[in-house]
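The following pair of complexes shares a single chain, chain A, combined with chain B in the former and chain C in the latter.
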Partner chain A sequence: MSENTLKSTQSLELVCPAGTPAAMKAAVEAGAHSVYCGFRNETNARNFPGLNFSERELNQGVKLARSKGTKVLVAVNTFARAGDVSLWTKAVDAVAASGAHAIIAADIAVLDYAATHHPDLRLHLSVQAAAATPEAINFYEETFNVQRVVLPRVMSVEEIERLNKEINVETEVFVFGGLCVMTEGRCALSSYATGKSPNLTGVCSPPGDVSYDDEGGNLHARLGGFTIDRFENGEAAGYPTLCKGRFNAQGSTSYLFEDPVSLNAAALLPRLKKAGVTALKIEGRQRGKAYISQVVKAFRAAVDALDEGRDAQQEVSAMLAAMTEGGRETTGAYKKIWR
Partner chain B sequence: MNQQRERGSLPPLFSGALRLVPPPPLGFVLTRAVRRLAVQRPDLFERLDVYRHAHFIIDPIDIPHVFRLIPNGEHATVEMIARSKCPKGTAKISGPLVVLLGLVDGTYDGDAVFFTRDLVIEGDTDAVLALRNTMEEADLTPAELLGFKGDLRDKLDTVTQKGLGALRRQLNAPEAY
Partner chain C sequence: MNALELSLGPVFFNWPNEKLVEFYARMADESDFDRIYVGEVICGKRLPFSDKVWPEIIERLLGAGKEVVLSTMALPVTTRDRKSIAGLCEMDLKVEVNDINGLARRSGQPFVAGPFMNVYNEGAALALQKRGMETLCPPVELPLSSIEIIAKALPELTIELFAFGRLPLAVSGRCYHARAHKLHKDSCQFVCDQDPDGMDVTTLDNQQFLSANGIQTLSHSVQAVTLSPDELRAKGIGRLRLSPHSVDMIAVNKIYRDLVNGKIDGEEAQARLSELPLPGKLANGYLGGKPGHVWAAE
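Let's turn to the complex of A and B:
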C-alpha cells in the first residue's frame, strides 16, 4: 500500500482555532482533535487586541486539552525582525516548555532555532511560509525535519493530490472561515493602506486602522481612511480586508479580487481525504466561543460521518449556514476553474 | 434605523413606557460587579491592555438609557446615562438589549451579529475588539457577573437563560448558535 493510499484511509484530523483559553475549552468540548493558538504578541499572525495566550494560559490550556485527548499546536508564525529575534526564540522555548504537541512556524530563523534547540518538538510549516511545491516542502523537511505543511488556500484538490504524491510530510488544508485569496506570507496588500505588514506585525487589515461609519443609512467600511466597501441599508456587512473591497474600475463597481465570502469546503471532505490530506483546518482565532463551538461540532459530525461512510452534507450545511462572512460561502480554489 | 437593526428590539410601546418610570440604580450595581470581577480575575483586565482606560458607550437601542463603561480594573465604573445626554466615547456598541446581553453570556458571536448588522460599532475598532475578546474570555453568566454564588447562581442562570431565550424568540431576535 502506497503512503498516499495509507493517508487516505486514515481519519481526518480536525484542527480548530482557539483565540482565548475560553475558546480553546469550547473547541475541545465540541470535539476538536487538535487546537491551534498563539501568544499575545507579534510572534503570531493573529495579533489582535484582547486575543491570544500568555505563557501561563498556554500551560493551563495544554494541560486541559491533553486531559481530553486533544493536541495543542502553537503558532509562532510571523517573520522575526532582523537583529531582534529574541521575542521569537523565547516564544519557541515557551512552546517547548508547555508540552504542546507542535509548533507552527514559517520563518527559517524560527524553524532553525526550534530544530536546533528543541529537536523533539514537532514542527509544522505555517501557511505563512507559502510552501506549495514539492521542492520547497522537501527542503523544509530535509533541513528542519518539518512533519506537516499547511497549504495555501490557492490550490485545487487535484493540485493537492499531485503534491501529496511527491512529498513525505503530512498536509493540512483550510476548510472553513475567512478566505485569504493571496499566497499567504507573500501578501503585503494591506500595508499599502495601513503602513503595517501582516507578515511582520501579525495582522492583515489591523482593526486599529478599521472604521465603520454610518452615512445616510449606508455603512462605510474603511481601512486606513480608504473606503473599502459600502453596504446599503440591510445588506450583510463584511470586514474591510483590502483584497475583498468593492472598487470603481474601468467604469464599473465590483469586487476586483474576491467577494467577501467565507470558505466552506465541507462538501469536499471525501475528495480531500482521497487526495491524501491529513488534517482539516478551521480558520477563526478571532471568532467567539459560540462560533467555534458550532463550526467545530459541524465539522466533527462531517468527519465522523465520513469515517462511517455516511453523507452528512445537508446536516452540516444547515449547521454552518449562519456562520459565514457576508452570509455567503465558496469552495474557493479547491474547485478552481480559472488558470 | 433599518429593518435588520430592529430584529430583537423591545416593542416601541414598552420602550416608551420605560421612559416614564424612574431608572433602577443599574450603574451602581454594575460598577460593583465589574470591580469585584477585577479582584477575582485580574487576568481579564491585563487582556484589555491600554483599553482599560477607554470609554465604551454601550447603547441598547430599545431602552431610554445608554451605559458608559470604563473597565479600569478595581477602579472601573459603569454609568447609566439618559440617551439624550449620551456622551462621546472611545467606541460605541449599539444593538437591541437582548443582542447585547447575548454577547455578554456568549449566546451570540460578535462577528456574526455584526456581519448581519444586528450590532453596530463606531469609533476605535481596536478598543471594541479588545473588549469583545475580553468578554469572551470572561465567560460570564449574568448571575456570576452580579456576584451570586453556588446553587443560587446556577438557579438564577437557568431562569435567566430560559427567560432570555423565550424573549429572543418573542422579539424575533437573531438565532442563537
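Let's turn to the complex of A and C:
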C-alpha cells in the first residue's frame, strides 16, 4: 500500500482552536482530537488582549486534554525579534516541559532551536511558513525533522493531492473560520498602514489603530487613517480588516482582495480525505467557548460520518449555519475558480 | 572603508519582452550598478513569454561586465514554477532565493536571500548563512534596528537594503489584476501588462494606498532610503537595492551613486528624486519601525 493510500484510509484528525483555558475545555468536551493554543506574548500569531495561556495554564491544559485523550499543539509561530530571540527559545523550552504533543513554528530560528535542543519534541510547520511545494516541505523535513505541515491557503484540492504524493510528512489544512487571502507569513499590509503586523508583532489590523468616524451620515471604518470600508447610517459596521475592505481600482469600487466572507470547506471533507490530508484545522482562537463547542461538534459529526461512510452533509451544514449567522462563506482556494 | 554598492532588483511587473530587452540594454550600456538581478519573481504564467528573452538579456549584461544574479519566484506552486526554479538553480550564476523551495535546490552553493524570505532575526540568518547565504535583502517591514543586530551578529554577511521603489508588501494565491477586470486567474488575458508600475488601489476617500501587480500587492508610495553612507555603514548595510519602475532608472541610479559617494546629502537626494515622475509619494517609515507609508524626516 503506498504512503498516500495509507494516508487516505486513516480517520481525519480534527484540530481545534483554544484561545483560552475555557475554550480548550469546550473544544476537548466537544470532541476535538487535538487543540492548539499559544502563550500570552508575542511568540504566537494571535497576540490579542485577553487571549492565550500562561505556562501554568498550559501545563494544566495539557493534563486536562490528556485525560480525555486529546492532543495539545502549541503555536510558537511568529518570527522572533532580532536581539530578543531568547523570548522565543524560552517558549520552545516551556512547550517541551509541558508535555504537549507538538510545537507549531514558522521561523527558521525557532525551528532550528527546537530541532537542536528538543529533538524528541514533535515539530509542525506553521502556515506562517507558507511552504507549498514538495521541495520546500522536504527541506523542512530533512533539516528540522518537521513531521507535519499546515498548508498555505493558496492551494486547490487537486494541488494538495499531487503534493501529498511527493512528500512524506503529514498535511493539515484549514476548513473553517477566518480566511487570509494573502499568503500567511508573506503579508506586510498591516504594518504598512499601522507599523504592526503578524510577522513583526503577532497582530493584523490591530484594534488600537482602528477608528470609526461619522462623516456626513456615513461611518468610515479606518485603519491607521486609511478608510477600509464605509457604512451607511443604521448599517451594521464591520471591522476594518485591511484585506476585507472596499477599494477603488480600474474605475470601480469593490472588495478587491476578498469579500467579507469566511471559509467553510465542510462540503469538501471527502475530497480532502481522498487528497491524503491528515488533519483539518478550525480557525478561531479569538472565539468564545459557545462558538468553539458548536463548530467542533459539527465537524466531529462530519468526520465520524465520513469514517462510517454516511452522508452527514445536511446535518452538518445545519449545525454550522447557526454559527455563521447568515454571513457569507467561501471554499477559498480549494476550488480553482477562487483565484 | 568599503564603498557602498548599488544593485538593481528584479522587475516585478509584466513588461513586454521588447521593453525588457530595451531596458536591460540601457542598463548594460549606461548604468553603473554593481549587481543586476534578473528573472520573473511574481507570476509563473508570465514565464513562457519572458523565458524567451532572459538568455539574451543575461548575455548582454555579462558582456557589459555586470554581475548578474538570477532571481527566483516568490510563491512557487505549480510544476512549471518549480521547474523554472530548478532550471535557474542549475545555471552557472548566483541565484536569489525568494522561497525555501529555491534554498532546497541550491544545496550549499552561495545564494542571496531576497526580500520575500522571512529572515527577521540573527538566528534565522545564521541558519541560512551556514547553508550558503552570502547576501540578505531583509523583508521590507524589518526596521533598521533589527537589521543592525543581524549585521553585527553576522559580519561576513552582506546586507542589501531595499532602498528605492514601491514596497513589495504581500503575495497571494489570487490574482487581483484578473479580479479587478472581472476575470479569473486561469483566464487572465495577462491584463497586468496594462500597468507597468502596478494598478493603483485607492481608498473610498480617494486616498492613494496600494498598488496591485497580479498576485502581488505593493505600496502606492515609493520607498526612498536617503541616509548618508556613514549612517548606512554604521547600521551594517553593504549594498542598496533599487527596484525597477518605468521612471528613468539611470537617473535614479545616478542620484543613489552620488548619495553613496557622499557627493550629495540625503536632503538633496530626496529633492532630486521628487523631481522625477515617480508613481507615488516618497516613504521611509519602515526604517524607523513606523507605518511603512509615512515619510519620517531623519
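Throughout what follows, the second predicted complex is superposed on the first by the 316 of 339 C-alpha atoms of A that agree within 3 Å, B and C clash if a C-alpha of one lies under 4 Å from a C-alpha of the other, contacts with A are read in each partner's own complex, and residues count from 1 in each chain.
By definition in this document, a contact is a pair of C-beta atoms (placed from the backbone, for glycine too) under 8 Å apart; a residue touches a chain by one contact, two chains touch by 3 or more.
A quick note: this is a predicted structure, and the numbers were derived from the prediction, not measured.
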| query | So, does A:Ala249 touch the first partner chain B, the second partner chain C, both, or neither? | reply | second
| What is the contact status of A:Ser98 with respect to chain B (first) and chain C (second): first, second, both, or neither? | neither
| query | Can A:Arg81 be said to touch chain B (first), chain C (second), both, or neither? | reply | second
| Looking at the overlay, does A:Ala236 come into contact with chain B only (first), chain C only (second), both, or neither? | first
| Chain touching more of chain A, residue-wise (chain B, chain C) | C
| request: With the two complexes superposed on chain A, say which partner A:Phe139 touches: chain B (first), chain C (second), both, or neither. | output: second
| request: Scan A:Gly19 for contacts with chain B and chain C and give back first, second, both or neither. | output: first
| Counting only touches as set out at the top, which of chain B and chain C does A:Gln286 meet: first, second, both, neither? | first
| Touching A:Asp213, do we find chain B (first), chain C (second), both, or neither? | first
| note | Residues on chain A touched by both chain B and chain C none
| field | chain C contact footprint on chain A (complex, rising order) | value | 79-83, 85, 106-110, 112-113, 128-136, 138-140, 152-155, 159, 181-183, 185-189, 191-195, 197, 199-200, 220, 224, 226-230, 246-250, 252-254, 256-258, 333, 336-339
| task | Could you pull out which chain A residues touch chain B in their complex? | result | 19-23, 40, 48-51, 54, 57, 206-208, 210-214, 217, 219, 231, 233-239, 286-291, 293-294, 322-323, 325-327
| remark: chain C residues touching chain A in their complex are 74-78, 81-82, 85, 99-101, 103-105, 116, 118-124, 126-128, 139-142, 145-147, 149-150, 167, 169-176, 178-181, 184-186, 199-207, 209-210, 212, 217, 219, 285-286, 289-293
| note | Per the touch rule, the chain B residues reaching chain A in their complex are 2-4, 43, 46-49, 51, 106-112, 114-117, 120-134, 136-139, 175-177
